[in-house]
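Quick one: the structure is below, and I'll ask about it shortly.
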Amino acid sequence: MNLQEVVATALLLSGCFFYIAGTVGLLRFPDVFSRLHALTKADNLGLFLVCGGLALQQGSPRIAGLLLVIWLLGLLAATVSCHLIARRALQMTDPEQRP
Amino acid sequence: MSATATIYLLTAAAVFGIGVYGLLQARQILRQLLAINLMGGATFLLLITLGGGADGPPDPVPQAMVLTGIVIAVSATAFALALLVKLQDATGSSDLDPPDAE
Amino acid sequence: MTFGWQALPLYVVLISVVTAMLIFALGEGRQHVRTALNLGGAILKLVLIMLMLLAIQSGASFEFRMPLLPGLDLVLHADRLTMLFATLSALLWLITTVYAIGYLEQSPNRARFFGFFSLCVAATMGVASAGNLFTFFIFYELLTLATWPLVVHRGTPEAVAAGRLYLAYTLIGGVLLLIGLIWLHALAGGSDFIVGGSLAPLAAGNETTLRAIFVLFMLGFGVKAALLPLHSWLPRAMVAPAPVSALLHAVAVVKAGAFGLVRLVQDVFGFDLATSLGLTDLLAGLAATTVIYGSVLALRQSDLKRRLAFSTVSQVSYIALGVATGGVLATIGGLVHLVHQGLTKITLFFCAGNYAEGLGVHSVEELDGLGQRMPVTSVCFTLGAFGMIGIPPLAGFVTKWYLGAGAAASGAPWIIAVLVASTLLNAAYFLPLVHRLWFRPLPDAMAKRELAITGGRMQALVGPTIVVAAMALLAGLFAGTPGSPLFWVIRMVGGEP
Amino acid sequence: MMDWLLPLTGIVLLLNLILGMLRVYRGPTAADRMLAALLFGSTTVAVLLVFAEWMDVPALRDVALLFVMLAAIISVAFVGLPESDEGNP
Amino acid sequence: MPSEFLIGLIFLPLLGACLAVLPWRWSIRLGVFGGLASLPALLAALTLAVIRDGAWYYTLGGWTAPLGIRLFVDPLALLMLWMVAIIGGVAAAHAWHDFRPGTPAGARFWPLWLLLTAAMNALFLSADLFNLYVCLELVTLAAIPLIAMAGTATAIRAAMRYLLLALLASLVYLLGVALLYNATGTLDLYLMTDGLAASGGPATSLAFALIAAGLLLKGAVFPLHVWLPNAHASAPGPVSAVLSALVVKTAIYLIYRIWLWTLPAEDPMQGAVELFAVLGAAALIYGGILALLQERLKLVIAYSTVAQLGYLLLVLPLASVTAWQAASYQLLSHGLAKAAMFLAAANILHAVGSDRLADLERLDQRTPLSLFALALAGVSIMGLPPSGGFLAKWLLLEAAWREGRWLLLAALVLGSLLAAAYVFRILAAGLRREDPTEAEDAEGTSPIGRRQAAYALLLAVLALVAGFGAAPILDIVDAGIPAGWSAP
Amino acid sequence: MTTDSATTPPSQRIPTPSGRARLLWGVQCAVILGVIWLALTGVDALILGAITVIAGGTAGAWAVPGMPYPWRPLRLFRFAGFFLWSSISGGFDVAWRALHPRLAIDPRWIRYRLELPAGQPRTLMVSILSLLPGTLSADLEPDNVLLVHALMGSDPDAVRADVAQLEREIAWFFSLPEPSGDGR
Amino acid sequence: MIALAMDAIIAIGLVWLALRTVRGANVFSAIIMFIVFGLIMSLAWARLHAPDLALAEAAIGAGITGALLLVTWRRLQVLEGSVPQVGAETRSLWLTLPTGLAAALLIAGLGWVALSLPAEPATAGELAWQRLPEMGVSNPVTGVLLGFRAYDTLLEMGVLLAAWLGAQVVASEHRPGALPGPAHEEVPLVGALLSLVVPISLLVAVYLLQAGGSAPGGAFQGGAVLAAGGVLLCLTGRLEAADQASLIERVVLILGLAVFSGVGLVMLPLGEPMLAMPGVWAIYLIETALLLSIALTLVLLFAAAPGLRRRL
């Protein structure tokens, strides 16, 4: 097991960890907005790590580039969705209770 | 038959049955359409699984059929949804048999 | 399939169909063209029939054959029985058309009326010239279809109800016929009418089947022939205009049923086979019952047309009775009654129509003293009534004479009893009418009522009445002369007169 | 090399999905359900990438690309929803 | 070259549909004429070829089955194609007035109509189970918008119900196809038989059960007919005509194809024909009774379709030449007569403004020609002579009698009496008048109305004339009798 | 028809992009697309790639969101480093909080007035803020006030400092005048 | 073993999601469940070595259908206005029980039959592999779709056309509730998303088309991806429904059908059968036409409109 593999393994496993952390947050956090935090941040880190791990394992720069593109697009989707859902959740709450 | 194929076959059977149940028991057309789409998914799954997708080289014929089926399903669903909106507009109800009919 | 001169029966049928189509196409307006078409068609048809008659006299034969289904042909041919019925209806069609033109003047939907009227006659011609049972059935059902619009012609609720009843009876009768036909077809294949019966070779071992088939046919024809349990549509159909009644009773519908019974006994089963199966007795019994029952009921009707209708129920069964009795004489009596009853009954209906149109008279009581107001019609009516009763030398008498003689010859004296009873009953319901016409005073109200038929209409209504009355008279007076119906029938039954 | 690593990753991620279903099930608001759907999206992308490597089907990376590209569409569609009683469980 | 004609039958309407999508008036006209008017000529040539050479296959793309898709033309297919050409053509002529090219309605109508025509032609020619699925979907998706074109709430609701059930039906059918592909490794209708005979087993039985269920639903066979009456009754007239005369027949046609051609003679699923017969008989009576109870003309006609489809299924267990002739003739004459009735009903609806039976008095003056067409077509529907319907019914009765199927016979008789009852009920409603002395109506029929009525009349007359032209038609049809049925 | 259009003040509406803006964004788009194409296909289909990239660039120019701001490519690296670091730390932060036995969170709302101009800078701000530890951009209210949801709101000033830090980084990246970082 | 565990998890997920779709608390929840079902379905396709389907499912199932369902639900709500939903969402128990029972029976029967199926050799599939080299493409699915079973594909284009025509009919007398309005332009992120995703969808569509010859992908997936970009434009109000389709739109709509038929007919005079492909170039030509038609049709279906108009 060389260094590359060790790192790849570590990355993949920690990616899984963050995914699970995000899901736990999604389940445990008390309200929509807090859950949004958990989801956006943890999942993105998770995806980043998984992509990194896979890229390392593959070793092909083209695929690494593709994985990077996927991650960046995922990032974009996540932040946009997060913002939109937050906005939406705000709109749905009673105007009186709006912060 | 491989274990994978078995699992997905049973899944397809179950989802199809659930779809039938949903179709018969749902009141709103939107739900009925969802049920039909579920059944479509189950049918496609069955088609691929039976085509030996899990062992050996995958059979391209069912895959092509499913691809065709998916496109047909989405066209039909899209048209059905447009019709549904029109129905709501024309009758004020999105149920086939309005509640007061029963 | 040949379309040469052998196909003349087809053209005779087609003339009326084409006339009907032209009239439909013409629409409501253009009365004169329609009248010309009507009369032209009727005359042309009559001419063709006369030609055929002559040709048959000289030994020619006519047949048109067209395969409809595998093993089933549409066959139109002309034998003597055909010619008897065809001549009768062609002649009466012409006269009735003239009468109807007058009768329906100014009333709506004449195009439809005359169209279906022509179709009706076409169907009758088809029935007459059908060369096998399958063809017979086709035209028999077509007749139902073509008469229904005439029955409901007025469109009133009563008319529609009468039409419904008519259909209920005739369609169910048609279904019975159809079942019998299918059965027979499965048994015997598509056999043509053969004089003396086509089924004799099949009789052994199939007795029960054949009996059942006979009963099915008998019921099927019995509906239109107004045999006893199946007659009640006929009086109800009286709501239709008078020419329609004439058509139903004299020219087409009832006659088609009776004609079917004749064909059934004579050409499908053959009299011998039918007798050996005990079927003629059945038919004779039913016919006899109908004769009496119809007369009894006629006695109780106060509506003139209803009384005439029940009289028809009674009189038409003479035909069946004659054929079922068998033997040369009774058969002659039955067949000739086909013509005689037609002539006589059409006279009566024309007269009833004249009374209704002229003075609005519908019931028996209103006939009092009408001999003064409408003398010609009343004379004709009297002639018709006497003919019906069977007073010599009128046509009815000839019939009854032959029937009675035939019954005696066949050793069925009960039939003579039936005839006597029927004659008495006939007299009982017709003589009071004649009495009322001539010997009762004319009520004031009726005397003041204005006669609604005048001028051309008068000619169109009264003219045909006189003609048919005269024919009824002549048919009796010159019964033995060559060319008379009796002469024709005797030649048909006995070979040579 | 490590035969167990990729399947293990896959299975952990799939279990993660199952876990996330609880949130969709519970709701309580529409936004919560939407959120969970997002989670499914991102986890599915990861699973697909792992599958692509593990099963040696490079086309699955294209599938993952499609997913990340289209994930936002659902959100945009969701946001266009009206403000009436959609939040009721 | 007959194969070009075969191709033309599918592709001319298809390309016509493409043309009709374009916005110009001439393109729509060209599409409609090219796509519809050419069909009879192509068919005539094709019929001659079939008479000369018998049935034959056409391999698309040169890829032989089981890899590729084949087309198959035989007398049964020809019969259906002729019906599409004639009934579809006359209905199109009838529709021309309401959906004139250059109007928005026309621009929407014609592409769908052409697609529907192409889809039906393709369906009748296809020899491939999955291709048939695509055809079925195309037929459905082209037909339903045509129903919705009526625009009324009833029409929309009916279209929706039809759509849902049609989608369900296709899926159930497709599920069966999936099982069959697995069992035989082919999708070709006619190559499958050997594989089926070899494999058998519960899977193929279930597959055929599913296919049958799907087709019975698409064919609106009792008790799966619930979608039909409103859908057919609320569509625009020409559309109703084509729906009732042709579109529902597609499913029945496929049942024939699969049970009589694909299924091996000894397959246990052959027993399903008895079930079909029971359903057919039930449809005949139930449809007849319901038709009798309707208060609206078009609903009566639509329920009549439910009933008449029963005849087509009744044929299946009778398995004889006569039954085969009966089926072909019923297909033909019901198609002609039912289309005529719907066209006439459309004219009446247009002239009277309502199709409630209670409002139809004095139709003989208001729309005489249409009433006449209705009556003529009714004769065929009732199975009274002289009409095509009579011959069909006669053959059916004969077949049932020969086989000694007394219950079927009774159902047939009862069914035709019910048919007579509802047809005459319509006609009586049309002849009714409250005041018998009422003078003739001044309102005449417009030239357009007369032309529209003529189309209905044409089909009705054809249904009637079919009663005399059986011999040549049956000669051709007899050549295409399914193998198991040829024994006398 | 929706409430948004009614409540959004005109100042926030984006003016129709100028031709220059479209060109600029089209080129940027094309570059991004080129990279993606290479990542997808390698060097196998360059001609088709070129055509597609040009078409995609055109589509990008058509769909341009607003005025793009010039930025210096070299500064991208530092900005990317900042971004990467903050998103990683954001992930760690939220993971820690989620897994903490007592749920170490204290959600609160904070308003922060942006000084960044509309268009790319503000877009970047709103989107990246959600990836920072403990902050989530929920809404952009009238008058450029950003509504921020803070997971650890017990110390609002710390949160504000984080937001201000991001604002500064973005301003630097786009060579904009440094914002006050005050947010009120 | 671990692979089986994965399959089992996916299977359980699918069944559970299907159940929740059917029994979901409200329609919205059912829609979300269905969207997620589509996501998991593409995992199942991946596991079944059907990446073509995974691509299609991702683009169509998860993308377009999901958005379509959500938007339709929204339109219905707008039309319903403030009128609350009357009546239960599902049918009463007396109907539920028998249908449930029937469904369970169906499941059991299907399952039993599926399990008892013999592992038959797939004749057509084997032939397809054998004769694939004659086609000139190496992706067998593309080979089947555009070669061996090209006729299916052609008719399928007819189905798409019919669906659009249907939407046109439905939309004729009715403007569907406006799409989520132009307001979203003001949300800064949406504009940014749009300006990136639309070009990328174009790129990916072309990529899938190009890849389709040798790798999973092809006109359908590509068309769906392109359509997804169009859907986004509709959702954000960049494109809005028009009463009429423009000439260009009409041409593009029939392009697939017309080009496909045209190429199929071209070889007829040369004595070749209908739909014989003159060469690989023809396949790509047809695929390009199909892609454009599919994309436009799907977008128009999404907008439930005869045509589209640009805003801005």
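We just call them A, B, C, D, E, F and G in the order they show up, numbering each chain from 1.
Definition applied: a contact is a pair of C-beta atoms (placed from the backbone, for glycine too) under 8 Å apart; a residue touches a chain by one contact, two chains touch by 3 or more.
Just so we're clear, the structure is a prediction, and the values are computed from it rather than from any experiment.
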{"item": "Shortest path length from subunit A to subunit D (each step joins two touching chains)", "value": "1"}
{"item": "Chain pair bearing the highest count of C-beta contacts", "value": "B-G"}
{"item": "Furthest chain, CA centroid comparison against subunit F", "value": "C"}
{"item": "Core chain by centroid distance, with centroids computed from Cα atoms only", "value": "E"}
{"item": "Subunit D and subunit E, separation of their C-alpha mean positions in angstrom", "value": "47"}
{"item": "Centre-to-centre distance between subunit E and subunit B (centres being mean Cα positions), rounded to whole Å", "value": "28"}
{"item": "Whole-Å separation of chain centres (CA-atom averages), subunit B against subunit D", "value": "21"}
{"item": "Distance from the mean Cα position of subunit G to that of subunit E, given in whole angstrom", "value": "31"}
{"item": "Residues of subunit B whose C-beta touches two or more other chains", "value": "16, 46, 50-51, 61-62, 65, 68, 72, 75-76, 79, 83-84, 86, 90"}
{"item": "Subunit E: positions in contact with at least two other chains", "value": "130, 134, 137, 141, 144-145, 148, 175, 179, 181-182, 187"}
{"item": "Shared interface positions of subunit D, touching two or more other chains", "value": "30, 34, 36, 41, 58, 62, 65, 69, 72, 74, 76, 78-81, 83, 86"}
{"item": "Touch list for subunit G against partner subunit A, complex", "value": "187, 189-190, 192-193, 196, 200"}
{"item": "For the subunit F and subunit A complex, residues of the former touching the latter", "value": "3, 35-36, 38-40, 42, 87-88, 90-95, 97-99, 103, 105, 107, 109, 126-128, 130-131, 133-134, 136-139, 147, 149, 151"}
{"item": "Residues of subunit G defined as touching subunit D within the complex", "value": "2-3, 5-6, 9-10, 12-13, 16-17, 20, 25-26, 28-29, 32-33, 35-36, 39-40, 42-43, 46-47, 49, 51-52, 54-55, 58-59, 62-63, 66-67, 70-71, 73-74, 77-78, 82, 84, 179-181, 184, 190, 193, 197, 200-201, 204, 207-208, 211, 215-217, 221, 225, 228, 231-232, 235-236"}
{"item": "Parts of subunit C lying in touch with subunit E, wherever the complex brings them together", "value": "24, 27-28, 66-70, 72, 74, 108-109, 112, 137-139, 141-142, 144-145, 148-149, 152-157, 159-160, 163-164, 167, 171-172, 174-175, 178-179, 182-183, 185-186"}
{"item": "Of all residues in subunit A, those that touch subunit G in their complex", "value": "73, 76-77, 79-80, 83-84, 87"}
